[in-house]
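Below you'll find a set of structures to go through.
In the two assemblies presented below, chain A is common to both, partnered first by chain B and then by chain C.
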Partner chain A sequence: MIVLSQIVGIAFYEFRMHWRRRGLLVVTLGMLGVTLLPIMLVRNELSSDSLLGAEGVQYFTQNVIRIHWAAVGAVLFAVMPFIFADAIPRDRQIGVSEVLHTTPLRPLSYLAGKTLGAWLGTVTCLILTVITSGAAWWIVIAPFDLSVYSAIWISGALPMALINVGLVVLITSVLPNSRTAVLGCVAFVVLLPILVGVEGNGTLIELLNPLRPGLFFYYLQQASPSQPQTLSPEVTILGGTLQLIAAAVGAWLWARFRDGR
Partner chain B sequence: MKIGTCVRALLCIWALLTISVPLTVQAQSAQGKVPRFEPVECPGVLRDRTDFTCGFLIVPEDHALPEGKTIRLMVATAHSLSPEPEPDPVVLLSGGPGSGAVGSMGDSLYERTIRERRNLIFLDQRGTGHSQPSLDCPELDNLSLLILSQPQVPAADLIHPLLKACRDRLVSAGIKLEAYTSAQNAADVESLRQALGYPQINLWGGSYGTRLALTVMRDFPAGVRSAVLDSVYPPHVEMYRDAPGNADHTFSVLFDRCAADLLCNLFYPKLRNAFLDVYAQLDKQPVKLDLTIPSANQQIDYYLTADGFAAGVFQFLYDPHAIRYLPSLIYGLRDGDLKQVTAAVNATAQISNALSFGMFFSVMCSEEAPFSTLDEMSAVAQNYPSAMQMHGSIFSAEMWALCQVWFPAGITPDPRENEVVQSDVPALILAGEHDPVTPPVWGKQTADNLSNSYYLEFPGLGHGVVGVGASCPILIAVEFVNHPERRPSSACIGEMRGVAFVVTAAATRPYAVVLSLALGGIAGGAVILTARAAWTRRRGFAWKVSRRLVTWLPTVTAAIIMGLLLVTKTEPSDKLRIAELIIPAALAVQVALAVAPTEDRTLEVIATCPRPVWWLPLERAALPAAAGTVLALGASLIAIMIVGQMPVRTFLLHLLRWIPPTLMFSGIALYVSIRTRQIALGALGTFLIWGTAAIAGKFLLPGYPTFFPLNYLQPLLWVFHPYLQPGELTSTDYLLNRVVVASVGVVLIIWIIRRMRNTEWLIFGNVSRPFQANSHQGVG
Partner chain C sequence: MTDNQQTNRITIRQLSKTYPGGVRALNQIDLEINGGMFGLIGPNGAGKTTLMRILAGLMRPSQGEARVMGHDLHDSSGRQAVKASLGYLPQDLGIYPNLTGREFLDYIAILKGITSSLERRRQCDSLLETVRLTEVADRKVKGYSGGMKRRLGIAQAMLDTPQLLIIDEPTSGLDPEERVRLRTVLSEMAKRCTVILSTHIIEDISQSCTDLALMYKGQILFRGSPSTLIGQARGKVWQITTSGESPNNGLSVVSMLQLENGVRYRVVGTPEPHHEAVLVEPSLEDGYIWMLQQARIAVH
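Showing the complex of A and B:
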């Protein structure tokens, strides 16, 4: 129970810190921007009403998927990790870690709390975006298939966000300060996709790509069939989860032996 | 070269009467009952479509002689998406006269929307498209090129023999040209209904298709459930005689809309006067345009006359996308800028016309030309300014002569083809406010004679309102087809904003000059002062420490990416853009990480040193900048060598392509990093702006379709476009843009560096103020 309360406490502390530092605000506004801007761009071409019926719903749903998901996926892949990259290095840099060393807090609880806090911020951002942009699409453009819309957020955006944010928090936990953490994030977001292939190739190596091709192209494929061959979404999520576990074990070992805790 | 003749020819063939395929299959003798339908495989792109079925409708060539020769009309049915479609399909009647429907079908929004509840039938009218026989005239295919490439020969001398050759070939093939009329065409539509067994059909006509629909409503009203008439061309009007009045009206609408538009009125005031000035200038002295005809690999000196200019403006008014450019085009010509008009004429010369000219001349020469005389037309034309007269007088005269070629023995017109059509069939009449060839007034007149009709006019649209991408007319029309007994909701018309006129860079150049001088002056002065200060105290720089503190990951990443792209990118233009895209992003990320007030624990110590604190970002950014420069120059040289362009000019151009955006993004990165005290936000913000500029920068270009209210800012934003390409604007405008982009970066750097002189703020951030206040209170 004490461990649980420690984890929850750190998670809320982390969430509040991101809110105070405006990181969450920036990424939420960014998400809203990339999802609402297309509405402004295409509303004259797509504006409609219920006259279009089932055919219209299918047409607009495809557009929602194509425009909406591409933008959201890009943000989750390229923007979100930056906000949470220095969650732990910053503590180390400003001396919070030194204080924590004097408490009975275990490294695992600390890592779990930090990761959960980042996830809490991520989920908050996603919920705000999914409601606002979905309502905007519905009102400004046209009704669309809610089940597909929900699916791309719940089984597409959410896993991608949780995996990428969790990995960045855990991997950068070994770095000494914010600057190196941001650099690590640059390597994660820019260098890694180049090294393992930008689009994915249907082999296991694509699991290392933070774009998560198996998720990203799966939903794009429903609107435009000419997409690269990728792993299935299930394998992508499973692979990402395994990477998360591996990163957590690595970070825990690092904290335990390197920091001597 | 006599441009008037060119203009006449172009007008005759394409422009004024574009109220918009294998030849001579011998007409067949009657073989069984007519009309009848024979299924066949769909032609062309429809062949693999499972949602289409096709066939030939066999009808008499002359419906007055049902036992005579027969012709075969191609029919394609797009099946409804509904499992239980309504019993009355929509029959699409295309314009021209002479346009085929089957070949021009697509998956447009209006087609899909119609198919939601009904089958949609595309009929290639007699003589057009895949119907047999075709009245196409391949002899006239390259007419525009012919006219342009032989300026010494009067256009009429070129057209007449070609048209006569076409006519003679069709007649010798046994085709009865007199049978290709609207009345016969309408009988075909009725035959189609009977052959396919529909109790009633809905007609959906555009341009000449509306005249055909009205003819069907007149001759066979029982078979018509409803009619959508888009851009009405009714039988009772005199197209040639009314042309000057129509031109005068539609030009006035254009001038009025520009005057009512904030930006258009600001940058292109008194457009009517400008138009008349240009017309008068060209009337005195035609201007030479250097045309390039890629398909013919020809360079042509083309002289634009006053009539050619007016005809071009008239032609632009067909298309709502082209209307947007008219004010800038008129002003450009007035100011001697021929680039835009040259591009427009060049584009016109490339148009390949799919019109079946045989059908066109058969209809127009039997139903339009006979009902006017040259004297009447000239008399009417005198009532309008000379800039408007050319449409009537020249066109009419030319058309009259062409009709004598087509029907040398003359023709006895059917008087019904000049009478008002009256009907109680429910009809929806749509009109575009800028339509120059079938003006809204014709729609109103038609509506007055149809007892169950609704007339709607759409702002900002030209000739043909349902096929230009605007959803409002489509939704209204489909609602009407679904419920012709009631007035369709037209609320969406109120949301249409009319034409968003394009304000070109040339019009806003004075603003760009002032901005570039102001920002360039500030930036240049700051650079000189900084360089002077740095040089005099150059020993104070700590290069070695900075080299250790700078992280080289972005530079290494940039080098890897550029290397990969140089190897993998195949398009030369892509290779030339590599340095331009990668280096600014890499350097900006490094600059974002260069100084972070919360990162440098020794900042308090540094602040006490005699050397300026703002040397910190300079020395930390200078090293990666030097490395980035070497990288960019290397990549540029390699790309230039691979592409094989002229080295010196291309190389200098390269510097202009990547240095200004690098400065701009670096300025943003440094500013955000230090101002927010969060390097993550600095890197992220820069990354986002860079990505947005690279992907969506075209939205900053004048004329690129955008949304309200950005369209009001767009004319002023092109100067800030970091990735403006050299060919997108004139070289002067490009240079102004480069100066502004670079200066913005330098000014941002200077701005934040000046802020750094406040060492208390630098060390404590915004917390310092309340902290100080509390301290004072405590002491007090």
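Showing the complex of A and C:
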């Protein structure tokens, strides 16, 4: 009971602090911007007359997916991890960890609470964007296929965000301060894709790519079939989950090693 | 020895701590603390903070034995058990700037294992009142003054009524009225638990502690009551009035007072015969200075 209360408490306050630091708000507004701005650009092209009937809906849905997914995927891959990179190093930097570690809080509970807090922030950002943006496209342009639209958010954006944000929080937990955490995040977001190849190649090595090619290109393929061959979304999500577990075990062992030193 | 003292007992035997760089912060110290308010004094680098961090379970000793309330601090489980009934205020307390004072206390209360939100609310309100922060409780911490942050730090340490309260420089940054008030609060706490108070402000120790240790270069230089430490300096404290020049030759100046026709110095040591020195009653600060003076002479 106490452990659960601690995890939920950390997650709740972590989310609250991230929201107040404005970074999360800026990313949410950014995601809304990149998904709403195209409405102004394409509203004349996509006249409502051309969207009537099944073919029209399919055509329009593909456009919505392409515009949404390319923008959202890029944000989730390149921006969102930076918001949460210093979730744990910042505690060390400002000195609050000195107090936190004199409470009966176990290292695993601390890591779980911090990761859940970051996930809570990510999911809030996604929910605000999916509802606002979807409603705007539906009302301003025309109705589209909701099942396809929902799929890119639930099966594409959500796992991609949870894997990347969770990995960044856990990996940077061993770093001493915010600056090194941001540098660690740069390595994760920039160097890693360069090392393993940005586009993916259908082998297991692409699982290390934070762009998650198996998800990113899968949903782009639905809009345009001429995209590279990658692992399936299921394998990508499973691989990401295993990476999360490995990172959690590593971070926990490190925290135990550091305990009382 | 009362039951309370037995429960709160801290036993340290031959305790040493050497940092990875080779710096020996604690050198085979022996200490027993039997409850009440215990003062820890010493110059910078004496090892006070290292000792307190070990007792708080933040750091493992390199050698020796350290037991708090029967729990061995070498073991992870022992440190965890101590943390369950510990209140700790570090010298440099970090507080999340974007939380309000009330939220920060609630956060720490959750981590301390208070699961009932009603109980957390009750304790937070009570402690905010104790440290006189009720009026600013819902203001973000980044808007607090240094003294307010210090008081919030003291409040978080007192959450969940700890059996052991370790506080490092609790009164630094507080105005005189708040210092007096805080000393009273800590003295009240010391009736129910062990309070270890580390400070550079000797007055805090003399006003509130019945027992103290003076540390120097990782060792315990003196262990006993404040009156015994005062007694060490008896016959060594002098008042000397000069036209302005500072008395030297092995004398430590404790304080000085500007007069119309010169300067009156309070010194510790043995003044030269030509000085018009007047022997005065020592204070705890004089005892502290005298002991350090003798230790430095011994080292050289």
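One rule holds for everything that comes next: the second predicted complex is superposed on the first by the 254 of 261 C-alpha atoms of A that agree within 3 Å, B and C clash if a C-alpha of one lies under 4 Å from a C-alpha of the other, contacts with A are read in each partner's own complex, and residues count from 1 in each chain.
The rule we apply is simple: contacts are C-beta pairs under 8 Å (C-beta built on N, C-alpha and C of every residue); 3 or more make two chains touch, one makes a residue touch a chain.
All values derive from a computational prediction rather than experimental measurement.
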Mind checking the superposed model to see whether chain B and chain C fit together on chain A or clash? fit
By the touch definition at the top of the document, which applies to A:Val186: first (chain B), second (chain C), both, or neither? first
When the two structures are laid over each other on chain A, which of chain B and chain C touches more residues of chain A? B
Please work out whether A:Leu231 is in contact with chain B alone, chain C alone, both, or neither, and reply first, second, both or neither. neither
Please work out whether A:Val72 is in contact with chain B alone, chain C alone, both, or neither, and reply first, second, both or neither. neither
On the A-aligned overlay, A:Met1 touches which partner chain: chain B = first, chain C = second, or both, or neither? second
Which partner does A:Glu98 reach: the first (chain B), the second (chain C), both, or neither? second
Let me test your reading of the model: by the given contact rule, A:Ala85 touches which partner, first (chain B), second (chain C), both or neither? first
Let me test your reading of the model: by the given contact rule, A:Arg21 touches which partner, first (chain B), second (chain C), both or neither? both
Min C-alpha distance, chain B to chain C, superposed, in Å, is 5
Chain B and chain C contact sites that coincide on chain A, given as residue numbers: 21, 94
Applying the document's contact rule, which stretches of chain C touch chain A when the two form their complex? 56-60, 73, 76, 79-80, 83-84, 86, 88-90, 92-99, 103, 107-108, 110-113, 115, 153, 156
Can you check the complex and tell me which residues of chain A touch chain B? 21-23, 26, 30, 40-41, 43-49, 51-56, 59, 78-79, 82-83, 85-86, 93-94, 177-183, 185-187, 190-191, 194
Residue ranges of chain A touching chain C (in the complex, touch as defined): 1-2, 5-6, 9-10, 13, 16-17, 20-21, 91, 94-106, 256, 259-261
Would you mind writing out the residues of chain B in touch with chain A in their complex? 81, 109, 112-113, 115-116, 469-472, 475, 478-479, 482, 492, 495, 551, 553-554, 557, 560-561, 564, 589, 592-593, 596, 598-599, 676, 678-681, 683-685, 687-688, 691, 706-707, 710
